[in-house]
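First chain A sits with chain B, and in the next complex the same chain sits with chain C.
Entry: the complex of A and B
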């Protein structure tokens, strides 16, 4: 269980994050969404024990992270731009990490290198950006951490590799109950692997939600009537948003699927369709005014 | 020691060696070429072997290269070692891994220490081997090698730790390098600048007195640059080791406190930023004040100009470094506040005048030293025989000195109008008070204004005995006294007999005690000279003035007076003209003679009696009434002397009436 309580961090009078409360369950994949400069990296570096918060506490399993050796041995951090010791090859990096992370597995390393078909005797800084990121993933997963912290990990990866990496991550979560914090400025990029989502905007964590809960709770309905929309329909449903397109009436409704359908069918519509919502739409409709602010964040 | 080996992380050390090992190799090669190789080269040249191999210490082998390496390598190493802290990405990497800050720091610093000491040790071993192979025992010993290793190690570690300390404070590698050298030179620089500036602002501040006090030992860099001429003293070694340890502790403390995000900030600790800004402003102000004060002596206007320019420059440069941007000219508020504070402070010391007006009360004074130079207590180590005058203790003299001192203070604002051939002399006061404290002051005065004050002091027996070296010589150690006249020929008299030496010294002492203040000045510098040689390397210089009746008679009795001074018989003729500044100032004797040829009103004297009178009365005194050209019989030689109104013989006055 990772917890941040009332955490604030200031850089030279510029408040990077303010009063953030966040909790990540063990074995979950937590997606941290925010635009550039929202405070994602700061939050992540606090979790990785690089920065020290000015206020509040950052804990993993109720222990403070900063300068906590036994805890940090179980945490691995991949920065937004993977960085390696100068002139090092993947193999040398592996030796370096091996000397530092007690959970390091050579076997895992060999397997992953083979699977990604990476030349581990080549200096990493000569690799392309995407290959460097793959090397970083190989090294991180070989360290077998309990907590993996990834800052914008999908940048520069092609869809095939992206899929590969996602599978690996999910597999580790399933096998070892690894916890992952993954940040992105793009919700669509990570929505398929996250089970929890937190949205950070201007240093504040706006919401934190479980995805399944969100998805089963909000529905997009398309209906059409011969003689206009009956008055009683809207009053009986928890409607978040309505829109009229010609004679078709579109609304976003919160509630259980069967109940909504039941209610609408009572009013005898000519047309009734239940459409899937993207995560993006859910956030936008769910959150009203703030949602529109978030909309700007996510339309990138 | 399994605990240490398991504590050490070999991979991290390997990483450090991979990235900075080249510095160690470079250091080794540099030292190898400048010490062992040079040794072999000099040895192989048999013609010069004896001469070239003779050294005071191993630093004498291509000292410049050794010292260059000593100054550059440790700082370079500290910059490259802690590069990881100044680059955001590597700082993030190094601090995300499970390793405590203290451990990371120690790995880097210890690796640094080893990379410095290893080359030095290897060089020492190779020198030792060469020493044995070539049998160099006659040139240097094992203890010289150990001295070299010790000195190099101590200085290397101190300079390196200074670099590490600065690395903790800053977040930019270039700034680290520059600030390290500034830090290392700071003690010398700030002392120098403070002394110079106080001299301008505090009337009577004895900056020269403080300046001679071993200033170069204040910085390891300046100390190192003198290593070929002097030994590193054991107290300095201890001081340097203590400083190294203190810097290590401070650096470790700061490393733990340091925020990783301060990589690429000029100053890593926000609280230090204003300190840095105003520190730079202040130092630049002092530096510029010193420059303008020295170039444009004692001009208050230029001083203030210098301060303003310096402070403004310093302030904006510091601001540019901090903001990493040169367009910072809008940030003027801090400068204005600084200017106000400095202004009020300076006005305060100027108007209150605690320092300037202080003349210790007679009842407090134990003794006082009055001298015409602030260098009475020169560095005893570098000058073997330096005569130090005694302070005055008699009540009357102390009172007279205080009177003079008070008068100088009272005259502070009176402008001095110097005549063309006159200059100011230093007046140095050193009071020892009964409570053990000292009051020290130094002024530039126009001595003539204070003639009456000086006369009373200078003519007192106590002063003469206290300040004239003739009263302080150990007569039994005198080997020989030589009196030399100026002018051509064989003119000198040497006395070797111990009884005669004793007699002559006594006679000379008597003459000096009888001498008046005016004569002392008027006749000084014209010769003949009396040189006293003691103990091989010590000699004292006195003058044989025409007023010294005792010495004259003593030489006459031994019939050597004509060898010891210019006699009328040596002179063929004397030409005298009225002194005119414009005509004769700054000219060489030949030119003066030439000018006199063209001068219509020149008195030519050939009468021996009159020549004798002229020789006894002319000198180099401060005021010139007539200029006298002596033409010697021999070699067509000429000499120039002057007469003032008081000493001019009647027949000359009559001629020019």
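Entry: the complex of A and C
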């Protein structure tokens, strides 16, 4: 169990993280999403024990993270730009990590190197961005951590490698109950592997929920009527967003599927469609709800 | 075993429950047959093991499967209470859909025809067996 309680972090006068409460269950894959500059990376660095919070506590299994060596032996963090020691080859990096992580598996390292067809005797800095990331994954998974923290992990990987990496992550979650925290902008990318989602905006954690619950909580409704939209319709529903496309009325409604359908059917529409939202749409509308809306602008 | 549509809007968990139910109802998965382990399925489909666990729990609470500690999950042999529960839920679903069909202007006759057509094709299926 990873926990953040009332955590705040300020850089100079800039409040990067404000009163964040977050919890991640063991064996869960947690997706952290947020607007640009929302504080995702700061939050991750607090969890990885790189920054010290100004307020509150950051714990993994009830132990404080910061400067906690025995705990850090069980946590692996891949930053948004993977870091390797200068001039090191993958093999040398493996030696380095082996000396740090007691759970390191040489056997696993060899298997993964062969599977990814990586040249482990080549200096990592000569690799392309995608290869560097693959090297980082190989090293991380060979260390067999209990907690894996990934900042924008799929950046620069091709679809085949993405699938390979996801598959490996899933195996470790299934076999060893490894806990994963993933931050990403690419919502499609994390939608299919995360079970919990946290949405962060301007340093605040807005929503923290099970993904399926989040998805069954918001719906896209398309309705059409013979003679205009009855007024009582909107007043009874928790509507996040409405749009009129010709005679079809489109709205995003929060609530239970059956209740929404029941309410709308009372108004006798000629057309009624209810669709679940994609994570991307949920993100956009929830953000719109708090004033981070998409206003289309015309550029000359 | 089967594929899920990760591009679909429908939550993966729901897709899984529906797919497995379909396999059980059509007896592709037979009574007391073991379901693939969470780990195997997670790896095969590249989806979150927790999602699979959740789907299995849902199927268990709906009486489609049962689990044995340390052995895994198995298809529940059909019994009357389960069937009657299933019939109620199916009827509720149907009611909802039929109402929707009425709102959309489908006539009673069209629905009756549809039912008869489906019944006939089901009979045909049995003869093929």
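Criterion: the second predicted complex is superposed on the first by the 220 of 300 C-alpha atoms of A that agree within 3 Å, B and C clash if a C-alpha of one lies under 4 Å from a C-alpha of the other, contacts with A are read in each partner's own complex, and residues count from 1 in each chain.
Convention: contacts are C-beta pairs under 8 Å (C-beta built on N, C-alpha and C of every residue); 3 or more make two chains touch, one makes a residue touch a chain.
Given the structure is predicted, the values throughout are model-derived calculations rather than measurements.
K.L.:
Just chain B (first), just chain C (second), both, or neither: which does A:11 touch?
P.N.:
In the superposed model, A:11 contacts chain B only, not chain C.
K.L.:
Just checking: does A:87 make contact with chain B only, chain C only, both, or neither of them? Give me first, second, both or neither.
P.N.:
It touches chain B, and chain C stays clear.
K.L.:
Identify the partner contact of A:276: answer first if only chain B is touched, second if only chain C is, both if each is, neither if none is.
P.N.:
Only chain C; A:276 stays clear of chain B.
K.L.:
Who does A:100 touch here: chain B (first), chain C (second), both, or neither?
P.N.:
After superposition on chain A, A:100 lies in contact with chain B alone.
K.L.:
Now for A:171: first (chain B), second (chain C), both, or neither, which partner does it touch?
P.N.:
second
K.L.:
Does the superposition put A:79 against chain B (first), chain C (second), both, or neither?
P.N.:
The answer is first: A:79 touches chain B but not chain C.
K.L.:
Looking at chain A, which of its residues have contacts with both chain B and chain C?
P.N.:
none
K.L.:
What does chain B use to touch chain A in their complex?
P.N.:
Residues in contact with chain A: 9-12, 15, 18-19, 89-93, 95-101, 259-261, 270.
K.L.:
Contact residues on chain A for chain B in the complex?
P.N.:
That would be residues 11-12, 45, 48-52, 67, 69-73, 75, 77, 79, 81, 83-88, 95-101 of chain A.
K.L.:
For chain A, which residues are in contact with chain C within the complex?
P.N.:
It is residues 27-29, 163, 166-167, 170-171, 173-175, 191-195, 211-212, 215-216, 261, 265, 268-272, 275-278 of chain A that touch chain C.
K.L.:
Any idea which chain C residues touch chain A in the complex?
P.N.:
6, 9-14, 38-39, 42-43, 46-51, 54, 96, 99-100, 103-105
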